[in-house]
Every structure is written in C-alpha cells, then in structure tokens.
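Each structure below is given as structure tokens.
Shared chain: subunit A. Partners: subunit B in the first complex, subunit C in the second.
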Partner chain A sequence: MRHRGAFLISAAVLLVVTLFLNLSLGAIVIPTSTILSAFLSFDRQDYAQNVVLYQRLPRALIALYVGALFASSGSVLQGLTRNPLASPATLGISAGAAAFVVGGVMLFDFGLEAQGFAALAGAILGFLASLTMARFAGLSRDPRGLSLILSGALVSMLLIGLANALLLSDPSRRADLLSWISGNINHVYADRLFSVWWLGAVSLGLLFALARPLTLMSLGREQAASAGVNVDLVTRLSLAAVMVGSGSAVAICGPIGFVGLVVPHLVRPFVGQDQRLGLPACALTGAIACLLADMVAREAFQPFVLNTGVLLDLLGGLAFLLIVKRFYLAGGEAAR
Partner chain B sequence: MIEARGLSAAYGDTPVLFDVSARFSAGRLTALVGPNGCGKSTFLKAIMNFVPVSGGAVTLDGEPILKIGRRKLARRLAYLPQESQCPDYMTLGELVELAGYSRYSLFGGPTEGDRELFQKALGVVGLEGLAHRQVNRLSGGQRQRAFIAMILAQDAGIVLMDEPVNHLDMTYQYATMSLVKDLTRDHGKTVITVLHDLNLTLAFADDVVMMREGRIVAAGPVRETVTPETVGAVFDLDADIFERDGRLVCLPRMDARCRTLAA
Partner chain C sequence: MIRRARALDGRSVLRLGNGFQIRLHNLAAALALGLACLALAALAVSIGAQEVGLADLLRSLTGEPLDPASAYALWTVRLPRIVVGFLAGWAVALSGAVLQSLARNPLADPGLFGLNQGSMVAIMLLLVFLPAAPREIVPLAALLGGLGVGLLLIWLVGGARSGGLAILLMGLAVETVLSAITSILILYTPPETSYGLSAWLAGSLFQASWSGAAAFAPWFAVGVIGIAVFGRSLAVYDLGTDMARAIGEPVTRSRPVIFVFAVLMSSTAVSAVGPLTFLGVLAPHLAAFVSPATGRARLVLSSLMGGALVIAADGLLRGLPSTMALPIGLAITLVGVPLFMITLRLRTLRRLQAP
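Then we have the complex of A and B:
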C-alpha cells in the first residue's frame, strides 16, 4: 500500500515537472522565471509571457484535461466490461462524439456549448450501437469479449467515415474541423475547454465517488452484487460519467485513442486494481502522457507540427497489438 | 431461516426451474445435488435474484428478499459463484477488505473491528501472513480458500456456494469442504452449496436437496434422503450406499448402462 501511495506522489510531482517543461520548451525556450512572472505579475508587453499564457498554457490545460478524462474512462470501461481492450476509442464512444460534433457543426451550425451536448449524445449512441451489434454477434457466448471490441471498431469506422463524408461535403467550412477530427491538442481550442471543463469535473467526481463499488465490479457482477453493490445503478452512473467525460474531451480536441486504452495497463502494475488509487493514478498518468505527446508532436518533427492524436494513434496501434498478444494469443502471459 | 416457495425461473424461453420449494434451517450445511443442467446453480441464482424469476418468492426470516436492499441483504446473505475470478494485481488483503463493502459509508472504510474480522477470516482459512500476495498468484486450493475468507469477511449469516470444490484435487476438495463444514459448526453459518460428488455430500452435508430437470425429487437429512432409490431416480444410476467406520459411502455399480454412457 505504501509503494502504491508513493506512485501517486511521484506521478503528481512528474505532472508538475512535465507541465513546466511543456510551458518552457518550444520554438523559443522560456525560462522558469518568465513562466512564474507570467502567472504572478503578467506583463502584456512581454512576448514570452504572452506565449506562455495565451498559447502554451491553454494547450497544456487541454492536454491535461483530455489525458485525465480518457485514461480514467478507459480504466472504468476495462473494469466494467472486464475487457483489457475496452476504452472510449475501442467502444465507439469517441467516434460517436466526433461524428455528432461534425454533424452538428456542418448541418446545424452548432455553437461551442451545443457541440459539447452533441458530443455527449454521440458518445452514448456510439457506445449503445457497439453494444447492440456485439449482442447480435453473440456477446453472451463470448467470455473474452472480442465481439464487443470488433463491434466497437466497426461502429467507429462507420461513424468516422460518416464524419469525414460530412467534412468533405462542404469544402468552405471543413477547415475548422479537418485537423480536429484526427485529434489535435491546440491552443485555438481553448474556448472549447472553457465551455465544457465542468463536465469533466463532474465526471471525475462521480467516478471517484464510485471507486470502491467499481473495484468490486472487477470481480464480476454477481460477486459485486453479493457484496452489496447495486450493480445496475453503479453501471449506469459510471457509464454516464464516462460518456460525459470522454464526450467533453472529444468536443475539445477530437478523438484521441491511445491514452484510454494503454494508460490503465501502464498504471495497474504499480497501484493494483483498487480504483480508489487507480483512478487518480490514471488521471495523473494520462495527463502526463498527453503533455509529453503534445511536446513530442510539437517539437520532434520541426518545422512540421504533428497532430497529437496522430502520434498517439501510431503508438496506440502498437500498444493494441501488445495487449492482444498478452491477453488473447496463445503463449501470451495472461492468455487464458 | 431462508425459504423458497414455488420458485420458477427461465433463461429466455427455456424454463429451467419449476415450482421449487425448500426451507433451509439455520446453522446447517445443505447440499444441492443432481445431474448436470438440473437447475442447481439456477436455484441459487434465483435465490439471489441473479436470474429472471417467473414465479414464487424467497423469504429471509419471513421477509421477502426482494424488499431487502442490496447492502442490507449483503450483511445477511453471501454468494460465492462457481468460477470466482479475480483481476490481476489484486491482493488477498484487498479482496478480503472489499467483502466488508456493505458496512462502509460512501467515503469511509473498514473500522478496527472490521480489520480484526479480516485477520480472523484469513486465519480461519490458513492464509494469514499472505495478505500482500496477489490472489492470481496463489495455488488453486489457496485461491478457493481466499474466496471463502472473503465470504467470512462479509460476515453474513447465510452463505450460498456454487460448486466450491470445482477443479480442485481430492486433497483440496476435502480440505475445502472441512472448512465449509466449520463455517456451520464453529461459526454458526447456514450454508447451502451445490455439490457434484455424492460422497462429499454424504461426508459433510447435514441436509440434501436432490434435483432433476428443474424439480426437487427428494429433500431432507442426508442419511435418510440419499438412498439407492433416490440416487436411481435422480441420476439414473444403480448405486450401493453402505456405511464404513460410521461414514456413508456411495458406490455406483458398473452396469451395462454406465458402460454405454462411458463409451
């Protein structure tokens, strides 16, 4: 228990360090003293301080927000479905949110708040579509849950295809969302963050409150019910929190896949299965992962700037293969 | 005391339990026995309301079980599924602590009394000192005892177990059943368990409910209920039941019907 607490403290310290690096490194390197000045005694005439407050800080806050939300959501989904491949990206949630935001903007000219609610509706619809398709495909006779993941992949492809078709249908208006649809952490989306951040706060608060019953549900629905968990209520509330949290993250910067899938696997060997530690650990590690990925995407390929979502998708594809090998293929360490 | 009256259940359009009634006395170990698919596990799940119940009712000390909230019910009734699974990295200590969930407040945790109970539960199953070990790294027998410790830590008076000795070798089967027997004898629990092995039933159970095709064929104290006639009626098997050193033994006869099935 002690070393698990130490992991949380280390992750918190690392998050602060990564945040400072994120604010400091870039086309111009900004010293710590200037960063502190930007916060404590902002000088409007100082170019570096303007870069910190109006470019790098919003971008870092977006990375922090989406990293924490996607990673926590992935951890909850993996526990609820008892499926190591479950995440907002693999269960149609991110794609549903993205398709509805694109649809809302292209067809109905939605403003920022309306986009947040469209993302929420899309997240719910994407997940329900994946679940329904998996049930048709025989989910109840598939204890390893592959039908759910395959259905999620299919629904995601369909929804992202639909979103892309809508984007291509109107060249004059697609510029705003063309980069967003592939997951783009960018300071220009700061308004989106400020309009939906409270949804993420509510989502995380609810998930933390449900941490203990969620841990029990990783033992199975019957075992959890036997111990006194109202399984249906906890499932509905936590799924609602996941939809709200991941939907709002997608509404800000588009679908980002790697974090929700992989961070829970990275964190578990250090903090175990207890979601009271696992959820904060996932939130911190997810935030660190997104801040680091954002720095790499921004700086590693200069003069080009890569979309963070594209970089994370590349890493996520590799991680997906490793998880499949570990949990599903014969000879894998945890294959049963 | 727990009582089922006229309980019926179905999986979709397939009925599996027909008008089953049974009364389980406090402080006794009752075995549910019968051939595969006869509805033993469904009976336990119907008591827990884990399967859609199409008729009948279950009462706990006269109170309808459906009117008791999940948390209150967990303090009185515990259930151990057939294939208890534990996720990777969960330790024995965490597993046992989770069992006390029904007693914790929303953000609270175990009290000193709870912690003493957890230690005692681990001691009873012989796993004291292993609280920090991952459950999935324990041996099969230790794992089963870990889940029995969880049941003890839940501290419910009535315990339902679905084949607690499944997949265990003979030594662990007898060790586990001795432990289950101790729950009734030393801890005053009422245990209702599904068992496949009639000899384990004869060795450890006080009462037996014999089922076939979703119905109860015979029920009562083991010595009076398990007879060659009831075994034949439930399992379609000719068997000798005899006493040796004060213990009943059931020995099936290898007649032509057995050989045909074996082939």
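Then we have the complex of A and C:
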C-alpha cells in the first residue's frame, strides 16, 4: 500500500514540475522567478509575464483539464465494460462530439456557447449509438467485448465521415474548424475552458465519489451487488459523468482521445485495480501526459507547431496496436 | 462444345468441352447483374443539371451533332464518371472477395484492414514531397503502400488466426496510426493542396476523366487477368489451409501471388477515386444473397455487384436536390456501416446455431 501512495505523491510532484517546464519553455525561455512573479505580483509592462499569464497558462490549463478528464473517463470505461480498449476515443464519444460541433457550426452557425452544448449532445449520442450497435451485433454473447470496440470504431468512422462531408461542403469555413477537429490545444480556446470547467469538475468529483463501488464492480457485477452496491445506479451515474466530462473536454479543444486509452494501462501496474487510488493517479498522469505532449508538439518540430491531438493520435494508435496484440492475439487462445 | 449437365450436388450446370463448368443460376445472375449495370448507366447518363439523356447519347453516336454544352456534359463529365466508377467498384469488390477467401474471414475488406489507408499515405507522401514525380507512378506508390500495410498486418496477426474479429481490430489500429499521419499532411500542406487531398480522401468521382481512366486501365487489366489466372485456387482456400494442402494446392506459393493481385486491385481503385471503404464487404455479401456461388463465379458476381453499386450510388447522389456534394466514398460508408452491423449480427446468429 505504501508504494502505491508513493506513486500518487510522485505523480503530483512530477505534475508540478511539468507544469513549470511547460510554462517556461517556448520561443523564449522564461525563468521560474518570472513565472512566480507573474502569479504573485503581476506587472502589466513585462512582456514575459504577459506571455506566461495570457498565452502559456491558458494552454497549460487546457492540457491539464483535458488530460485529467480523458484519462479518468478511460479508466472508468475500461472498468465498467471490462474491456482493455474502452476509452472516450474508441467508443464514439469523441467522434460524436466532433460531428455535432461541426454540424452545428456549418449548418446553424452556432456560437461558442452553443458549440459546447452540441459537443455534449454529440458525445452522449455517439456513445449510445456505439452501445446500441454493439448490443445489436451480439455483445451479450461476446465475452471479450470485441464487438463493442468494433461498433465503437464503426460509429466513429460514420460520424467522422459526416463531419468531413460537412467540412468539404464549405471550403472557407473548413480552415477554421480543421485545426480543431484534429485536436488542438491552443490558448485561443481558453474562453471555452472558462465556460465549461465546472462540468468537468462536477463529473470528476462524482467519479471520485463512486470510486469504491466502481472498484467492486470491476470484479464482477454479481459480486458487487452482493457487497451491497446498487449496480444499475452506479453504472448510470458514472456513465453520465464520463459522457459529460469527456464531452466538455472535446468541446474545448477537439478530440484528444487516446490519452483515455493509454494512461489507465500505464497507471494500473503501479496502483492496481483499486479506483480510489487509480482514478486520482489516472487524472494526474493524464494531465502530465497532455502537458508533455503539448510541449513536444510545440517545440520538437520547429518551425512547425504540431497539433497535440495529432501527435497523441499517432502515439495512441501505436498503443492501440500493442494492446490488441497483447490482449486479443497473445497466448494461443483461438481468435473468434 | 457446351452441354447441360448436373453437378455433384445435383444442380444444373453448363459444362464446356475443356472441363470448365458454371452453374446455370450463377450464369443467369451474372447476366442479370450485367444488364442491371447497363440499365443503371443508362439512367445515370441522364441525371444532372444539364438536360441531356440517353436519347441524345444514341443520336450523337449515330453522327448527329449535339450542342456544345450537352456534348460536354455527356462526353467529358458523365460518361467518364460512370466508367471510372464502374471500374473502381469492380476493383474494390473483387479485392474484397479475394481477401475474404484468403483470410477465411467474411468481414475482410481492403478499407477495414487498413490497406486503403496505406495506399493513401504512400500517395500523399509522393504528392507532397515529390510533386514533380510523373503521375504514372502514383498507382505504383499506392501498391507499395498497400502491400506494406498488408505485410505489417500479416506479421502482427500471424496468418493462421486471421479468421476472427481480432484482425479487424488490428486493421483499425494500423488505420489509426496511418490516419494520424494523413491528418498531419492535411493540416500542414497549403490550403488548396489540403482541400484537394481531403476531397480525394473522402473518395470522389468529381475529377473523373478519360485521361484518368486511361491511366487506371492498364493496372486494372493486369489485376483482373492475374486474379482470373490464379483465382482457381481460391475455391480451395475456402476449405481451409490443411484441406487445400491435402488436395495438392501449393498454398505457400499461390497465396502470396493472389494477395499481391488483390492489393493491386484495391490500390488501383484508391489511386483512381480514393478509398471506397465497406464496398469490399458489401458487394460480395449482396452478390451471395442474389446467387450463392463459389470460386471464380463468386468473384465475377461480386465484381459486377460492386460496379452496379457504385453507379447507382453516384447516380443517386447526383440526383439529390442538395447543395452539399456528398463524395461517393462517404455515401458508401453511410450505407455500409449499418449493413456491416447486420452482417455481423447474422454472423453471430449463425455461430450460435452451429453446434
């Protein structure tokens, strides 16, 4: 138990370090003292302090928010479906939100506020569509949940296809949305963070509160029920929290979903199955991952600034490969 | 010498002098599908903004002059579109049918296995980094990309276990990685290039032309001939590798050859019109629904069905009174996803009924 607690503490320390690194590195390197004084005694005349407060801090906060929400959503989804590939990106949540936002902007000229709600509606719809399709295709008789992931992927394909069709119909507005749809952490989206952050906070709080029953349920629904857990209620509440939380994250900066797939797998060997430790650990590690990815995307390919979402998609796809290989193809178990 | 006879299972077949035989109902279905393609093409000729139709086409064939606008609509826009669409549909459906036999997986599709994505990445890299390269090598790049992904997939999955859904997941995983590369290319190329690339990525017939069809035709012909020659073996593969070996099929030699030809077909189609995901699953299943067949008859029926589907879909899309020009690849995806789920459902049911 002690080393698990130590993981949490070191993750928190690492998060602070990455945050400072993220704030100080960039086109100009800003020393720690300037960052601290930007927070404590802000000087309007100082260029470096302005950069920290109005450019880098919003960006870092978005990365933090998005990483924490996606990672803990992924962890909860993987526990609930007992499927190692479950995550907001693979179950239609990200694609649904993206399709609805694009549709809202292209067809109805949605403003910023309405886009947030469109993202939420899309996230819910995409997820439900994936579940319905999986059930239709015979999920209940498929012990390893292959068809759940397959239907999630197909629904995502469909929704992204729709979004692309809409984008192609209007070349002039396509340019504005193109960057968003491939997942972009950028300080210009800070307004959205300020208008939806409370959704993420509520859903994260709810998930943390449900950590104990969620842990019991990951052992099996019957076992959890016999330990006095109201399985249906917990499932509904936690799914609602996941959809609202990751939907709000997509609304800010587009689909950056693979954090949700990868981080729980990274964290699990250290903290085990217990969600009471696992969820905070996932949230911290997810935030670190997004901050790091944001930094790499910004700095590693100078003079280009890469989209964080694209970079994470690349890494996440590789992780997807490894997970399929490990869980679905390893050990002479005949594939169905 | 042709005579009617009965096959071992008691169905009527036509038997040629050299031992080649074809089931009567397969032959009838092939003829019907061929006629359907012609009829659909005839309908598709008259769909569009310009008021010109089949009657004008026939008149212009007999030498009567058409007014320039109508002639342009017919000869430069609609006919190449129909021809290219038909050939591309044929190629994708054929590739899908062959892959299904090779992998012994009824859900195999060049799009879902990531082969199309591999071809696309190769083409995009070529167009972005070597814009001066001659257009003739585009299909070659597509072939190499598709083959690369195919080999990667075989290496990752291991040929023996390709029958299940796991290979589809693996294909999707490979596709995710490759599509991240595509989005990087789309994001950081100049806006016009980027728009052109993503219109083509969505699979479209907007730019179909005779010169495009001419560039596409030789590769297409090589693929069709190759599969016609080596396709005999596919009927044996459907029995399983061990059985095929027992019958005397040189599996280790013929399998790679057929695989290369299947990838050639799908990558040629990709370089001509962009990816037509799901068509490779849909067409063979619909064809089997019309008339169950084995071996090369199945390939011919599937290909005809693929061609007919693309002509019909394209005609419908042009007929839609909409300002939104939906690319054909997306239209097929929109229809394909629900139908694919139904196929999956039927597969589950069948597995439950089987002992």
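Here is the rule we use: the second predicted complex is superposed on the first by the 331 of 336 C-alpha atoms of A that agree within 3 Å, B and C clash if a C-alpha of one lies under 4 Å from a C-alpha of the other, contacts with A are read in each partner's own complex, and residues count from 1 in each chain.
The criterion applied here is as follows: contacts are C-beta pairs under 8 Å (C-beta built on N, C-alpha and C of every residue); 3 or more make two chains touch, one makes a residue touch a chain.
Here the structure is a predicted model, which means the values were calculated and not measured.
Shared-chain residue A:82: touches subunit B; no touch with subunit C.
In the superposition on chain A, no contact is made by A:109 with either subunit B or subunit C.
In the superposed model, C is the one of subunit B and subunit C that contacts more residues of subunit A. In the superposition on chain A, contact of A:179 is made with subunit C only, not with subunit B.
In the superposition on chain A, contact of A:209 is made with subunit B only, not with subunit C. In the overlay built on the shared chain, the residue A:220 is in contact with subunit B alone; subunit C does not reach it.
When the two structures are aligned on the shared chain, A:133 is found in touch with subunit C, with no touch to subunit B.
After overlaying the two complexes on the shared chain, residue contacts for A:307 are found with subunit C alone; subunit B is out of touch.
Contacts of A:230 after superposition on the shared chain: subunit B is touched, whereas subunit C is not. In the overlay built on the shared chain, the residue A:273 is in contact with subunit B alone; subunit C does not reach it. 334 are the residues of subunit A that lie in the contact sets of both subunit B and subunit C, per the superposition on chain A.
Subunit A contributes residues 85, 133, 136-138, 141-142, 146-147, 149-151, 153-155, 157-158, 161-162, 164-169, 171, 174-175, 178-179, 182, 304, 306-307, 310-311, 313-314, 316-318, 320-321, 324-325, 328-329, 334-336 to its touches with subunit C in the complex.
Residue ranges on subunit B touching subunit A, taken from their complex, read 45, 48, 50, 69-71, 73-75, 77-81, 84-91, 94-95, 98-99, 101-102, 104, 106-107, 154.
Within the complex formed with subunit A, the subunit C residues making contact are 156-158, 161, 163-170, 172-174, 176-181, 183-184, 186-188, 191, 194-195, 198-199, 201-202, 277, 323-327, 330, 333-334, 337, 340-341, 344-345, 348-349, 352. Subunit A makes touch with subunit B in their complex at residues 79, 82, 209, 212-213, 215-216, 218-220, 222-223, 225-230, 268-269, 272-274, 334.
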